[in-house]
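Both of the next two complexes hold chain A, though its partner changes from chain B to chain C.
Our next item is the complex of A and B:
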């Protein structure tokens, strides 16, 4: 119990601190008004576009892997897929992002369009970054579907594609919804990927937070942006828990 | 039939996309020239020598070691207590506690980092390693709690009661019965704590100085300033250690159960 109380306390202090910092030098809403200034609004808009695109592409790319993982017949294959999924999940953000800098910015492969320091390159990096998370959530959801439903549909004459669209996909919707929302929330506050693959030309909300806090030492302004990111994350998660509760009923 | 081949092709392509960057980094790390060429002009370990002798990396490696060990040592007992409380005891507002414990997973890194930075400034610990350690404990706790909770849920309380009824004192029951039965969960939790802490970057960037910075932060600074493959060599070392740790965790605790993946059983 003591441990729980202590951790809760610890995390509570962490949560409450972001708005608390705005008190430095008296109350004002100037920081939040600054967030809406045209030069910053552009970054927020870019962040929204990149997050939505990342979520959609990640879902499409992750579903087949998750399906294979959930329905793998041999424990060996499942272990292999799981390690392939988890290794990037646990390999640090810096290592993974640096790897993409090498892939996108090397001199011997000529990409048809410029990718490094462009939104498209950031998008590739973000999808790669989100895939393991999405795979894990989807695979858990697909595992909960009783394979007998699929076999029943097939035995009644449904082709594999029809079984997928009419049985598997609808039954995995809770996983699809929560996977998309988690990825959306994470991507909205992504930092290392846009920082390194964007090279200062592509900026998302988290990069503005870092610029303001560590380069301009404008902590209150930076905290306002961080609060926006936090609010978006919590809002997305609130939608998720409410939606899941309804799906489970 | 064509469908099955197509499905396999898609799967292989996607797995290739996931592993491609790793392969490129490993190839680059053995490349003798500073500018990446393919096929490589030969094999060289010069970037590994560079990475291991660069003073700022050495200092950061020591910092990483201190922070990771300290946060794991603190997080495992707290996380175990929390896992027990969540699984065993009829807590009021169990959902809220669970959400609080798991919240570091979802709170944006920049928000947490900035929060810790401001907190550290207020208590005058801006240049202290303790800020890093406290932040890392909070960040690794969700992983410890989840791993240990699996073992706690599998632990039959009857075994503990049997030992107690045979006259064992609570402490003896805990040391001789409970701890050994929890070992897989504890080890996996410890392993996760070490992996997550050693790789943490965003929060650490905000709360470290040039003196206290951990390895991922030093690597970030290096990438921003230099382009030679020294980073590729260091990344390869990171990747190898991480893959080994994940395989080990899978052996210990059958990860498909931690993430609830697989057939009904």
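Our next item is the complex of A and C:
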């Protein structure tokens, strides 16, 4: 099915766009030339930056929670953390994003800097959206680390920070790698968060695909942009997965 | 079986089947936007239509483009019979051969329509509105009376604009510089000067109302119907009849799908929706302009943005873009708008 969809996408991307009509013309490479212009490449670049920033911030924010979830001695604390982690899954992305609009806007809080309709606001929304998944993946990885390794390091005189950097973190790298890849991949295709929190001023790849297809009626152009974005996504994921694999070693 | 017994049985059968027969007529399917649009058309047009003709009406709801995409893929055997859509998107249906020509002999109510309602041989206007300026008088200082006021530096970071379709503000900028939608380049520099005043862009009716309601964008280029809707909710909103250039008119239209097997019923529905009585109710519900010039408009709506009651008003207070130019220019307009106005 994926192959069929991909073939249809590529086929559409090579057909001529006829303005004011849904009919397409003959074969052309004009759509690719159009979407490889700086105006469109800028959206891809900004999407990469936002995705990488989201991945890094989510990792930093999620790791302590995941560690507590995996290592807390009290079953009650673990349950509470699990419930708090899973709670966002029970509200849809749209509901969560609308809630962020209220928080980041001027309705309830006067922020010293503008957050809503700015990249910073979109970043906050994306990190929040990605947190639960990252926490669960990391917690699973950390819980597989035998605590005796950490205790052994401590008994040999290593301070907690050193135990973390030299034992816990390296052994949790498979989880870090998986979490980062998952968050990066889905942030790259994020739609509702940048659509609502970006207020049209911050656009990621999926928003531009929608703009071209549904607002400009330029389906061939939209297909071409989606194909280029897909290729870039695969390249970024390949680079990242190679880098993370090296870190795992 | 004696005659009396047979008659009893026949009576029972008739009683059981009669209601079924009344609703057994083949329903027509009407494609329309969801929410208030569908609810209002169902209540004001569809139910009385069924009561009058016995033809049930079913709805297919969705966004403008979702429905267009569905219509394309089901072109060989259309899933709907009548489609409501905006006039320029109606052009796309026509260009793709999705509409059939209207048989005006079957739409006698069309004789009462404003000439602006006749968008093509295949689609016909059912109500009108304008894109105009809406603002929150409690959140800004002074009054807004004309389009040129939007460029006032005191509105820095306060204006909301639609980005899904920038044709309105592009045309207004061009008109203010002596151009129009054909010579839209004349307004480019003026529109670039508006950029600092823009707070946000919206892509749906709901977002446009949110922006005004929360004050994130206390001044907006907005669909008049949405402005009236906010007023009904108690939000302090003023809708402007701009004094320098008219509001940009939008006309929602009906078209009958090519290949429908229920063309007669579809024509009846279209005709019914254009009737004076129905139009009066639609005007009251949407606070939109009737296309039937015979429809009475409540006093409090007369003269309001988007409500035109005479050929003179259509001429003086409405600017209607050329549908074909608009449909053809939408992609380049959007591209230019994104690059020069939306881009940070």
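Rule of thumb we're sticking to: the second predicted complex is superposed on the first by the 195 of 249 C-alpha atoms of A that agree within 3 Å, B and C clash if a C-alpha of one lies under 4 Å from a C-alpha of the other, contacts with A are read in each partner's own complex, and residues count from 1 in each chain.
Just so it is clear, a contact is a pair of C-beta atoms (placed from the backbone, for glycine too) under 8 Å apart; a residue touches a chain by one contact, two chains touch by 3 or more.
Treat the numbers as computed from the prediction; the structure is a model and nothing was measured.
**Student:** Considering only the touch criterion stated at the top, classify A:131 as touching first (chain B), second (chain C), both, or neither.
**Tutor:** In the superposition, A:131 contacts chain B only.
**Student:** Just to be sure I read the superposition right, which of the two partners does A:82 touch: chain B = first, chain C = second, or both, or neither?
**Tutor:** Only chain B; A:82 stays clear of chain C.
**Student:** Have a look at where A:216 lands relative to chain B and chain C in the superposition and call it first, second, both or neither.
**Tutor:** The second partner, chain C, only.
**Student:** Return first, second, both or neither, reflecting whether A:196 touches chain B, chain C, both chains, or no partner chain.
**Tutor:** both
**Student:** Touch check for A:106: first (chain B), second (chain C), both, or neither?
**Tutor:** Touch partners of A:106: chain B and chain C.
**Student:** After lining up the shared chain so the two structures overlap, which partner does A:39 touch, if you call chain B first and chain C second: first, second, both or neither?
**Tutor:** Touch partner of A:39: chain C, not chain B.
**Student:** Return the chain, chain B or chain C, that is in touch with more residues of chain A.
**Tutor:** B
**Student:** Touching A:157, do we find chain B (first), chain C (second), both, or neither?
**Tutor:** Neither partner.
**Student:** What residues on chain A does chain C touch that chain B touches too?
**Tutor:** On chain A, the overlap between the chain B and chain C contacts is residues 17, 20-21, 101-102, 106-107, 196, 213-214.
**Student:** Which residues of chain A touch chain C in their complex?
**Tutor:** Touch list, chain A to chain C: 17, 19-23, 39, 42, 101-102, 105-107, 116-117, 195-196, 199-203, 211, 213-218, 221.
**Student:** Report the residues of chain A in contact with chain B in the complex, numbered from low to high.
**Tutor:** By the definition above, chain A touches chain B via 1-4, 6-8, 10-15, 17-18, 20-21, 61, 64-65, 68-70, 72, 78-79, 81-88, 90-96, 98-103, 106-109, 128, 131-132, 136, 139-140, 143-144, 146-147, 160-161, 182, 185-186, 188-189, 191-192, 196, 206, 209-210, 213-214, 219, 222-223, 226-227, 229-230, 233, 237.
**Student:** Hey, which residues of chain B end up touching chain A in the complex?
**Tutor:** 3, 7, 10-11, 14-15, 17-22, 24-25, 28, 35-38, 77-82, 85-86, 89, 97, 100-101, 103-104, 106-112, 114-119, 134, 137-138, 141, 195-196, 198-202, 205-206, 216, 219-220, 223-224, 231-232, 235, 238-239, 242-243, 245-247, 250, 255-256, 259-264
**Student:** If you look only at chain C, which of its residues touch chain A in the complex?
**Tutor:** Chain C reaches chain A through residues 63, 65, 68, 72, 91-92, 95-96, 163-165, 199-203, 207, 210, 214-216, 324, 327-332, 334-335, 338-339, 342-344.
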